[in-house]
Structures are given as structure tokens and as C-alpha cells.
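Several structures are given next for inspection.
Here come two complexes built around chain A, the first alongside chain B, the second alongside chain C.
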Partner chain A sequence: MKRLVLLIMLLAIYLASSALAASPDEIIQKSQTAFFYPGKDFKARVMMKLISPNGQERVRELTMLRLNTGEAGGEQKYFMYFFQPAEVKNMTFMVVKFPERDDDRWLFVPAINMVRRIAMQDKQASFVGSDFTYEDVSGRDLGDDSHELVKEESLNGKECFVIKSTPKADSANYGYKLSWIDKTTFLPMKEEYYDRSGATIRVFTADEVQEVKGFPTITKRTMKNLQSGHRTEVYYSSQDYNIGLDDSLFSERFLKQPPKKWIE
Partner chain B sequence: MRKNSLVLLSVNHPKTVVFLSMLLAMVFLTQFPKMTTDTNPKNMLPATSAVRVGNDAVEKTFGLYEDMIVLGISNDQGVVNPATLTKIKRITEAILQIHGVAARDVASFTTIDNVTMEDGALRVAPLMTMVPEEEAGLAKLRQALAENPLLINRIISQDGKTTAIYIPLEKGANGKEVADRIREIISHEAGADSFQSPLVSDGERYSIAGDPVARDTFGAEMFKLMGMFAPMAGMIMFAVAFFMFRSLFLSMAIMAPAMIIIICSMGLIIGMGYPVHIMSSMSPVFLMAIATDSIHIFNEFYFRFHERGDRKAAILDTMQAIGKPLIYTDITTAAGFASLMLANIIPVKVFGFGVAFGTMLLLLLSFTLVPALLTFIRVENIERITANEDIRTSKSACFLMRLSRIGGFWPRATLLVGGFLVAFAIVGISRIHVNNNMVEWFKAGSEIRMADRVLNQALGGTSLAYVVASAEEDDFMKNPDAMRYLEGLQRHLETLPMVGKTFSVVDYVKRINLVLHDNDPKFDVVPETKEMIGQYLFLFAMSAKPSDLDNVVDYPFRQANIWVQMKTWDAQAMRQVIVAMDEYSKAHPMSIELKTAGIAYFNLVWNNEVLGDMVKGFLAALVMVFVILVINFRSVKWALVSYVPLLFTILLLYGVIGFMGKDFDMPISVLSCLSLGMAVDFAIHFVGRFRLRRAEAKGSEPLADSLDWTAARPGKGIMRNALLFAASFSVMLFAPLTPYITVGAFIVSMMMLSALMTIVYLPAIITLMQGWLLQGE
Partner chain C sequence: MRTLRPWCTALLAILVVLIAGKGEASFSLHGFIQGNYALDTASANPDGRDSKLAEERAQLKLEADQGPLSFFVKTDLAWDHLDDKEVLELREGTVDYTSSNWDCKLGRQVVTWGLGDLVFINDVFPKDYEAFFAGRPLEYLKKGVDGVKFGLYPGFASFEVIAIPLFTANHFPDAQRFWMFDPLPMVTNRQTVEPTSNLDNTEVAVRAYRDVAGFDVSLYGYRGFCRQPAMQTDSPSSPTRLTLWYPELAVYGASMQGSALGGVVSLETGYYDSREDRAGDNPMISNSQARFLVGYQRQFWEDFTVGLQYYGEEMLNYGEYTATLPPGMPAEEKLHDMVSVRLTQLLRHQTVKLSLFTFWGLSSADYLVNPEVKYNFTDQIWAALGANLYGGGEPWTQFGQLDHNDSIYLQTRYDF
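Let's turn to the complex of A and B:
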């Protein structure tokens, strides 16, 4: 009898605690939704600064359009129009992101007036030469990692969950990742990537968060590669949600001639 | 005289002198635990030197690595087969995990980016992600390798039998640890117990090359030389000395000053904070050899004791007679080494300073410790041993006398023969070829040489230089004209026989142009417009590793970097690249400035620097030695006469080097300087003692008799000195690194030759020119 009471008490404590603190998988899922899927669609002017260890800079400036065509965590379409560097003006790039399978990517090369499909390779390849990978830009499949809540702590005055995500099998070129996820916005405030020997290789920081149409949005972020000393800073401007993007925009025709109202 | 009072003081208080000498050695010995070594040739020049500053800037601009290990894997059946490819994949994965390896920039089948068009899609991805098991996949990989000029001669040989993995190291990584880990990985893969390049297993042959490996091997061999060869040289010297003097005590008395000066001069260098470098690692053997100078004291002491029978008087007499030649031989030797301090190369300076210091200390010990030690000799012992030290009965003395009579009796014929020899030597010298090849510092059968040969035969070359093109405005390198200029320069450099491969940003642009146009060969050219080039590069950068582009262009596209791989480490090859580069620049005027950088360029610069330094030092030593001779003899005439054996020896040695076709390289040029100071020693003893003899005889002795006496008595000291010297240096002939062998062979020949020249040619000259030389006697 005593034993049964104890068992019930333990069960009650377990249920209570798991109801209070979300499971690591739920935290990560909420974070993905807040980070990569807010709104029906999204638009921003993006300025990327690629900064070499000795301070030399390369600039990428583009308009980024995103349309969610599925649920949070599901299919998405990205459209990018480049302003800078100067000689790539008018270049456009389209990505159709599918969970569970390789993305489709299309690129328009204006100098030879040609649209080319770009074969998907490593999702961890560098995004336009920056320290961000394609995965950093559009999110990583949830099922690729196992997640674990390591601790809860405050970071720059914000209460955060610290989640350790370890890639299953060899699905990543790093050992594991620690994410500091804001308990209120569920945006990642910091991410640290470690190699298999436990050394930090890359660090992501959310440097500025603004609320746009009720969606907390990271408007300035930095990714630093600790091994090469290289870093990339990204600034958003004129960001907006639910602007009424149409699926027809994501076509070869508009890749060649993107409508001005969307890209300016 | 002061030096005599010093000797007297030492003879009167021998125990104190011995104690103080030991104490001195102990003090310097305390510095030894601080010893560090430096085997990086980069440190031959100071960090502020133009070439190092330039190289650092180029490395920084293009994100290049200072150190790279190259692992070669060959299979006679071709490396593109599932078994070998699986091994390459596994080995690469293991290497990427090594701490200190710049994993993001390792170039191997599974990491190097390839640009292809597949099923209508442009693909920038690692050459091989999965090992193809089917023939179709293998054929596709073979074709990918064959059609991409970016891969041929870099990651795969023309014949498909050799591949290489390029492993850059992070700054400050320990090259030896990384190389050892790679060896472990390979021996594990091959199922071998240990790794010894080339390792052959299952049809694959593995070899490891690269600068860090060479440096570590060098460091290990250097320690071996200091730890094994210096003591061995000491033991041989001890044995030879015992054979000459038949006294254990005397042999030890010869060794004692040698040991003390080695400890003190090494201790001084270490204590001053200099790491032990290849040059200073040789100083123990040099100092040991120089210390054989004290043999003249023992030699003369034997004769004097035999004549006088009184120990203390014999010591004082000996020092009186040979004190002056001793001082001047040590000073000339020290001057020869000190001339190295004019060098710009730090390790050469340190070496010169250390040995010069040791030599001067030896001089001090010759007047203190050596006489003090002689007082401990038991009288009955020397009486027995010195019984046959008589120039009339001693066999070796007779031999020397006969030798000197060749010159004395047939002076004209002797000099004529000498004239022919000199003419012959000059022809040889005119054939001397200035070059330096650091890989050839290792023996032909060594791991490094083998690995280097394998990789150079199969691939583009292990010796790497960069040609950096700089323009004044941003984005200049995206101009089609600039691209075509770079392409032309590459083709021009590739006409040189030693240049195995070049690659630049142009190769990427052309590759994308071709691939975007479905491999239509007419697009295998530089695109027509700046927009195209800019967009192609952007396209490439969208998926390639950032370093692919960073390695070949700077951020604002003002500078482009052409990689030039050479199949030899000869400094000569780099010189030709620079000449070709300048030719091209003159023939194709454009607002682009060309400069060179990289390890091959660095080697060329410091070689030139060494040679320049040595010529400077050689001339300085030539003048210094002459001035010292004039001061010593207080006569220009006699200074000139003593100069003859020295010049003769050096001319003959370099003549032989010229005929042998051996390159005039760094070790040889260093030797030229200090050989001056050592080769003149015997002439100083000979002339000094001869003139003393003439002065003592006051004209009562015929010239021929004086020459006989000089050849037999100080001559015996000279012979003993030369033999002892040569014996201890001959150890270096068995050293594992060629510079040590060169030094050993050179010094042994030099000492033997200058001894012979002194004993044969000085009598000839003195006989022939007696009217001029002996006037006023």
C-alpha cells in the first residue's frame, strides 16, 4: 500500500513537471516556427557583410521574399533579388524548400540571360560565400537531431532554455549545437556549434530583435567562424509580414523579370 | 711578459686553476635545461625582413596556410577503384578529426569542390561524396577527374595512379603531432605496426611529405648529431691522442679544455635565449676540433722535457716558444668565425659568435688550465714516453723532414706543380654552380626524399610559390583583359620545365563558363564581359567553400594569386620563375604589378642572403687574417708567405667542388668563411717557429737545417694537430644529413691539405726567395 502511494506520488510529480516545462522537442519546434515560419509571408531588404579576419569586407545586398506554402515546418518558397555586388545586379535566386527531401534551387544569370537549376548538395554549404549555411537561412529538419534540455539560464537579461541538439548519424559536419532560446519569443538568442572533439567552431548571435506586426523578428545577426576568424553580419531593413505574396511569383518568368513592387 | 706571468701563476697554483675552470664550466652548464631548438628555416631571417612581412601579408590576404602536409596515395592499377576510394574516404574522415588540422580546407576526393553540369543542373560539390560501387559510377568519376584541369596534377596524376591529400595546419599547430597522427591513421588502415614512408600495403603505396615533416625530421637528426656525433668525435679524439702520446692523463688533458669550451659556448648561446639551430648544433664538433690546437703545447712539451728533464722549466719554456703562434692561430680562427657575425642570417650570426667565444676561451685555457694540468704529470711516466721524442730518431719526424725536403730541394719544380694545380683549380671554380635545395639536405634514400620524388613524379610538384598580381582599382581582376593577362602568364610560366602546375581564379571562371554552356569546348575561354565574369564568380561562391575563392582573389578583387607548383626545391627553379614573370610583364604592359611569395620564394631569398653574407664575410676574413698575420710577424713579406698555403688549400678545395658538380650551397658557403681562419693556423706555427729558430741560431745554421728542424719538430705538432682534427671531424661523414657530411668532408680535406701545403710549399718558397725573405738576418 505504501509503495503504491509512493508510485502515484512520483507519477504525479513527473506529470506536473513535464506539463510545466515543455519538452526539448517542443521547444525546438516552437523556436523553428518563431524563427523561420512567422506570418503567411515575409519580405525584407537584407544587407550581408562578409568580413575577413583582417577586416576586409564583401557586401551582399538583396531583397528576400518568403512564402509559406505549407504548415510550420513544412514547404516554403524563397525568392532573392540581388542588388550588390554591382555586377550581379538583377541576378535572382529561388529556393523551394521541402522538408525531408532536397530543396530545388534556380538561379537567373542575367549576363547570359539564362536560368539554371542549381543542384542541391550539402545543406551545410556556405550561403553565397557567407558564414551562414543554407540550413542557417531556411532551417534544419527537426528530425535530423535529438534534442536535450541542458539548463535554463538568462542571457543578456532574457530567460532562456539551453538546448543541446546532436545530429543523428552523420547528417552534419559538426558534433552538436547549443541553442539559447528566449522563453518568451522562442527566438534563438545565441547558438554555439561544436566539433566532435568539443571545440567551438561557429557562434551565432541575435544582436537586435524588433517586433513587426506582432512578430518578434531578429533584425541584426552575426555568425562568426572561430576557426577561420571570418564573420558575417546580417542586417534587415523594411521588413514586413503578410504582404500578400502570390505563389505565381515563384516562376522562371519572374526570375528573369521580377515585379518591381516586390523587390524594391 | 704578461702571458708568461699568467702561465707562472697557473703553474704555481695548479689546483686553484683546475677548480676555477671546473666552476666556470658548471656555471654555464646550469643554462642547458633552458635549451630550445628551432628547425624552421623561416627563422633564418628576422620576422621584420621584407620577404617575411610580404609572405605574411599574402597569406593573410588570401587565407593561405603557412604549413601543409601532403599525403600521397598510389595504386598501380589506378586509384579509382572501390577499395582504394573507400580507404581514401576513411583516411580523409580520420584526418579531418585531427586536432590542429584546418579541416575546412583539407583537399581530398571527398572535400575538394568540383563544378559540373548534371541532368541540366549546375553542381558545385565535393568531387566524391559516396564511393561508387558500380562500374558506371567509377567511370563517371574517372571522367570527372580527366576533364577538369583544376583536378589534374593536383588531386590526381595524369595516369590516374596517384592521388594526394593536402592537409593544411592551423597556425601554431604542432606539425610533428599531426604528422604522427596521420602516420597512425595510415598504419591502422594498412594494418601495419608502424609507418615508414613509403608504406606499401594491399597495392596502395602511402608517402608523407611537406615542410612540417621535413622540419621535424631535421630536428630529430640534429639532436642525434649533438647527442651522438659530438661525443663520438670526442671519443675518437681521445683515442687518437692516446695513440700519439701514450698517456691516458695527457689524452684527458687534451680533452678537458675541449669539453670546457663546448659547455661554455653552448651554455652562453642557450643562456642568451637563442634556440639551437642547424648551424649552432654543429658548434660542439667545431669546438672540439679547434681545441686540438692545444696539441702544439703537448708536442713541444714532450720535446722540451726530453731535452731538459725538468717539468716546470719545460712547461715555461714551451709556453715561451709557442705562446705567440698559439695566440695568433686562435685569434685568426676566432676572426674567421667572428666574420660570420656580419651575416644577416640570425642562426649564422649566433653560430659565429658562439664559436668565436669558445676559441677565445680556449686561448685563455691554453695559458692557464693546460700548463696547470701539465704539472700533475708524473715525471717517471713522461721520461719513459718521451724517450723517443727526438727528431733524429723519431720515425714520423724523419718522414716530415723528407717531405719538407721535396720543397726545399726542388723548389722550382714544386712551385711549377703548384702552378698547374692552381690553374686546374681555377677551371674547376669557374664551373661552380650556385644553388640550394633543402630537400636534398636529406639523404637520397630518406623518407622525405622518397616521398618528395613520388609526389613530384606523379603530381604538379611539392614546392609551392605564389605569383601575386595587384592592380590599383577595385574589381579590376574581373575585367576580361585582366583575366586573359593572368591566363597568359600562367601559360608562360608553365613553359618552364620545372613548373608542374599553375592555377588561379581564371581556371574557376573558365570552368564555369564551360559547364554553364553544357561543356561546349568553345566556351572553355575567358568570358567576354566583366558582368559575366562577376556573375560566374558569384555563382561559384554561392555553393563552393569560401576558401576556394579566397585563396585566389582578395576581397575587393584588386589582387589575384596564381599558385605555381614546382617539381623541385632547387632555388634555381624559383629564380627562373621570377625571370619568366618579369619577361611576361615587360612583353605585356598592363597596370598590374607582379610579385612573388610563398615558401619557394622565401627559400630563394634567404639563400641569396646567405650567399651575399658569405661573400661579405669571406672578404672580411681575408683582410682580417692578413692584418693579423702582419701584426704577428711584423712583416708584410712573411704574412704573404704564410698566406700561400691558405689560398692554395681553398683554391684546390673549391676547384674540386666545381669538378664534382656539387652545388655551391648554404653549408659550403658558410664553410668558406671560417676555413680561412683555420687553414692558416699551420702556416703561423711553421713560419713563427722557423723565424724563432733562425733568430736563436743567429745565422750560424744553414737554411736547409733550419727547415729540417722546423718540419720535424713544430711540423710534428702540425701533423698531430691535423690528424686529430681530421679524425674527430671524420665522424660527421656518417651523419644522417648531407650538410653535416659536406661540412665533415670539407674540413677533413682542408686540414690535411693545409698541413701538407705548409710542410711542402713553405720550404720551397723560403728556399727560392731566401734572398728576399732572409735579408738582414
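Let's turn to the complex of A and C:
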């Protein structure tokens, strides 16, 4: 009888602990939802500073609009309007993100009033010349990596899961990634990218988190390339969720003439 | 310079109204200062000079808007050292009205249709080929049209309807600066006649477009004039005077573009209806044509993109054309086709752009090669160094006739 009680107790403890401790896949899924999918839609005025090792700065200023057209982890639409540099002022860029296949991308070139699709299959290509990739901006497909909980530790006073994500097959140009994921907000506080020999190549840090309409939001972030010494700092000068973006915005008409109320 | 003053006056008046009007109006002023130079590398110009281009240019872009109205002016002031003159040009000047499911743009505007990369089927709007061959930035290949454009967005599809009451011809390379084939070089008494502006001569262009199964599909129609002039002599046997004029033309076409084969695939076709030579028996007017384009663009690695095109023009009623062609005139091929290759590599955080564009004539065995290096020194300052090299074919084929015009060019710009 005592043995049976012990067995039931052990079983209960096991069940309780496994219910509390999410699997690495679940942690990553929650993190992706918190990082790339909060709200029905999102708008931010984004300032990017591209800083070379010798300190030269280049600025990219844009408004980014995002609409979730599917579930978390599913299809999304992105609309970007560029204010700076002057060479690309009034340029707009639209991405329809599909989780399982290549994104569709359109670019509007104001100087010749032309909207074209552009071929950009590489999701790990640099976003507008910065140290961030397209994947860093809009997320990586969950199924592309296998995830492993390495440890749990505190980072800058925040309790974090540390997850190791290893790309399956040749789906990435790096070996693996370590992510420090805040246990409360599920936002990544730090990410380290390693090459296949184990050397760190890029480091992401979330430098400021604000709560916006109940959604914890990283409003300041840095990506540093440790191999080149180049880094990119991004901050949002304004941001908002659930602003009522309409699907019709994501069209050739508005790429050419973006409505003021959405881009300013 | 085309009728700058009336446009400027009208637009300035509207600007004043906008400024004086009550309510929130916003303004922005941008532009650039540019130096643009091109040196001959094969031989001097026909006029003996050794430069295709030497100019400084300032462009101002003024935008203002108030409520549903917006206003845009893009104007250039250039100092041309070859002809030693100043040129003031209104590149664009428009007033826009925007409603929820329609909009309207009135004035001089650039319209770009179709999918071709430097080949045009349904982009029936005026081009400045001299700008391209002389080594100006690509945007100068397009000229504005003077007209009104309506956009209609009823939901099931989108429509553009353009009416152009004032004709604008293509601008071809200047005979003083470029070596070009001239079938009648001894006839120096020449005049150009443009269509007069009236209701009958108003050009109309229509485009309908929508998404079909993930592809961007467009249908096009155009009724107007050929922007490349036809020739008419006063006497077929011993001509003393040549008249250049613009025959009536209609174009009907379609295009589609979408993701396929690991890249972006483009298909475009058009039927060119030569309305004043439907039978094809007037050798001075281009016959009707079928034009088609297949394009493929793919990114092979980070910031390296390849664009390939096959483009063809098939002359209809070819038998009538050859039967009536005057002796001594070079005959065009029934099928004029070519391929193009564009390679683009961005480097150093996309501040360096290496590009190579080439046309290879399949039917005419001639070529154009355009390599270019562009560097953005800062967010404001960039420079591009490139070359235009031509050759092959015959002295009258598209690029063969440009054989002696090889040149290198420099573009530098300060954007603000």
C-alpha cells in the first residue's frame, strides 16, 4: 500500500512538473508568438543606425506595418515606407510571408513610378544592408530548427530559458543559435549565433522593453556582427497595436501612394 | 524643353491655393545635385567632340498635400557644357485627388507599365533613349506624359485609364553626338510633324490588373501614335525633302508575373496594330507586330541576383513588306529577337553595387554591354562609374549602328 501511494505521488509530481515546464518547442513557439505575432496588426516608426567598425553611421528610417492574416506562426503581410536616406525617400516595400514557402516581395521605385516583384529567396540576406536579416525582422519557420533546453538562468535580473536551436539540414548559414527567452514575456533578451566551428558570429540584444496595449514590446535592440565589428541599432520612436489595418492596404495602389494616416 | 511655363503657372497657382487654404497642409522639399559626364572611348562624335555628356544638374522635388488633394513638382535645372546652355525642365508636375475607391492624377506624370527590363511592350509611354545611351541614371530613360490618369478600384480588379491630349515623342540620340544609321544621309532638308492636339488625337491607355492564383495579371490597351517616327520623302526616286511623322498605332497586350521555379517569372505579350499600314505594303511605316517577352529573375546567393530575358518582335505581313521595300534599303528580319542578362551583386552592407547588363541580338548578332560600379560614400553622396559598349551585327541593326559610340560615364550625386 505504501509503495502504491509513493508511486502515485511520484507520478503526480512528474505530471505536474511536466505540465509546468514547457517543452523547448513550446517555449520557442510562445516566443515567436510574443516577438513576431502580437496583436492583430502593428505599426512602428523604425530608426536603424548602421554603424561601421570605424564609427561611420548610416541611417534607415521607415514605417513598418504588419498585418497577421493567419494564426500565430502563419501568414503575415508587411508594408514598409522609407523616409531616409534621401535616395530611397518614398520607396515602399511589401512582403507577404508564407511559413512553408518563399515569400512574395514587391518593391515600388518612385523615380520611375514602377511596382515590381523582386526575387529574394534568401531569408537570411541582410535587411536593407543592416546586420539584421529578413528572418530577424519577420521570424524564422519553427520547423526549420530542432530546439533543446540547455539551461535556465538569470540575465540582467530576468529569469530566462536558454534554448539551443540547431537548423535542420542546410536551412541556415550558421551552425546553431542560443536564445535567452524571458520566462515572463517570452521575448528573446539575447541571441547568440554560432558558426559550425562553434565561434560566435552575431549577437542580438534586446536593450529596452515597453508594454504597449498590454503587449511587451522590444523597442530598442542591437545586432552586432562579431566577425566584422559592424553593428546595427534599432529603436522604435513610436509603436502601436490593433490600429485597424485593412488588407486592401497591401496593394499596388497603396505601394505607389501610401495613405498618410498609416505611414506617419 | 516642353511647354514649361503654362504648367508651372498652373501648378504654382494650385500650390498658392493649398498654402492659403485653411486646415492642415504638409510640405516637403527634396532633391539632388548631380554631375554627369561621358567620354568617348572608340571614336569622336560626328561633330568632332569626344564627349557624349558633360553637365551639372539640380533637381527639386516639392510635395504638398491637404486633405484628399496632393501636389507634386519635380523640376530640373541643368548646365550642359557640350551645347553651352542651361536647360530648365519640368520632369513631373501633378495634382492628385484621392477618394476611397478611385483617384485621379492630372498633369505631367511618369507611367511605367509592363514587365520588361529595358524592353517595352505594353509600356507605350515616351522614352529618352539618348539619356540611356549617353550614360544618365536610368530614371532619365522615362519621360513624363501630359495628361490625366484615373485609378478605379471596385474590388474585383483595379483599373488605370489615361488620356493624353498632348503628344510626346520618344527622344532618340542626337545626330551630332551619336553615330547612327541614316538610310537617306544626302537628304538634309528635314521636318518633323507631330500629331496636333485635338479630341481625335487624344491618346488613351487602359490597364486592368488583379491577382490570379498568386500571379499579378494585367491586361492593357492603347490607342494613339507610334513614338518612333516614320519617314516620308517628297519623291521616291530623287528625294530632296524628308518628313518625319508619327503613324497611328494601337496596342493590345497582357502580362503576368509571379513566384515560380525558385525565382520570379514574367510573361508579357502585345499585338501592335499599325493602323495606317494594316496591309503592310507601305515600307515607310512599321508593319503590325506581335511582341513577346519571357523573363526570369533569381537570387543565387545573398545580394546576388540574375535576371534573364528573351524578347522577340515578329513582323506581320512580312511578304508585303519585302515586296514593297525600295531597292537599296536594308531589310528588317521577320523575327527580331534578343536575350538579355543582368547580374547584380551588392557588397559592403549594400553600399557597393556591381552590375552588368547585356543585350545579345539573336537575329541581328549585335550587342550592348553595360557594366557599372556604384558606391554610396555616405547616405547623401554616391557615384557610379560605368560604360556602354556596342558592336556586332550590321551598320543598320539596333546596336550594330551604335558601334562607334562606346563610352565610359560617371554619375555623381548629392541627395537631400
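We adopt the following convention: the second predicted complex is superposed on the first by the 249 of 264 C-alpha atoms of A that agree within 3 Å, B and C clash if a C-alpha of one lies under 4 Å from a C-alpha of the other, contacts with A are read in each partner's own complex, and residues count from 1 in each chain.
One rule holds for everything that comes next: a residue touches a chain if its C-beta (ideal position, glycine included) is under 8 Å from a C-beta of that chain, and two chains touch if they have at least 3 such contacts.
Small disclaimer: the values here were computed from a predicted structure and weren't measured.
J.: Have a look at chain B and chain C on chain A after the superposition and call it: clash or fit.
T.: clash
J.: Is A:Glu87 touching anything from chain B or chain C once the two structures are fitted on A? First, second, both or neither.
T.: both
J.: Quick one: is A:Asp102 in contact with chain B, with chain C, with both, or with neither? Answer first, second, both or neither.
T.: A:Asp102 sits against chain C, while chain B stays out of touch.
J.: Look at A:Asn113 in the shared chain and tell me whether it touches chain B only, chain C only, both, or neither; answer first, second, both or neither.
T.: second
J.: Quick check for you: in the superposed arrangement, does A:Lys260 touch first (chain B), second (chain C), both or neither?
T.: Once the two structures are laid over each other on A, A:Lys260 reaches chain C alone.
J.: Could you look at A:Arg58 and tell me whether it touches chain B, chain C, both or neither (first, second, both, neither)?
T.: Once the two structures are laid over each other on A, A:Arg58 reaches both partners.
J.: Determine, under the contact definition given at the top, whether A:Gln124 touches first (chain B), second (chain C), both, or neither.
T.: Once the two structures are laid over each other on A, A:Gln124 reaches chain C alone.
J.: Examine A:Gly70 and indicate which partner it touches, taking first as chain B and second as chain C; both and neither are also allowed.
T.: Touch status of A:Gly70: no partner.
J.: Which of the two partners, first being chain B and second being chain C, lies in contact with A:Glu252: first, second, both, or neither?
T.: second
J.: Kindly classify A:Gly143 by the partners it touches after superposition: chain B alone (first), chain C alone (second), both, or neither?
T.: A:Gly143: touches no partner chain.
J.: Which one hits chain C, of these parts of chain B: 472-480, 670-678 or 760-768?
T.: Clashing stretch: 472-480.
J.: If you lay the two complexes on top of each other, which residues of chain A touch chain B in one and chain C in the other?
T.: After superposing on chain A, chain A residues 50, 52, 56, 58, 85-87, 111-112, 114, 116-119, 121-122, 125-126, 128-130, 230 contact both chain B and chain C.
J.: Going by the contact rule set out above, which residues of chain C touch chain A in the complex?
T.: 26, 30, 32, 65, 96, 98, 103, 109-112, 115, 138-139, 141-142, 151, 153, 158, 209, 214, 216, 257-259, 262-264, 297-299, 301-303, 305, 346, 349-351, 376, 378-380, 382, 413, 415-416
J.: In the complex of these two chains, what residues of chain A are touching chain B?
T.: Where chain A meets chain B, its residues are 50, 52-54, 56-58, 82, 85-88, 91, 93, 107, 109-112, 114, 116-119, 121-122, 125-131, 195-197, 199, 227-228, 230.
J.: With touch defined as at the start, can you tell me which chain A residues reach chain C in the complex?
T.: Per the stated touch rule, the residues are 50, 52, 56, 58-59, 84-87, 89, 102, 104, 111-114, 116-122, 124-126, 128-130, 230, 251-253, 257, 260.
J.: Once bound in the complex, which stretches of chain B touch chain A?
T.: Per the touch definition, chain B meets chain A at residues 60-61, 63, 97, 99, 102-104, 118-126, 129, 170, 475, 478, 516, 527, 529-536, 538-539, 541-547, 549-550, 554-556.
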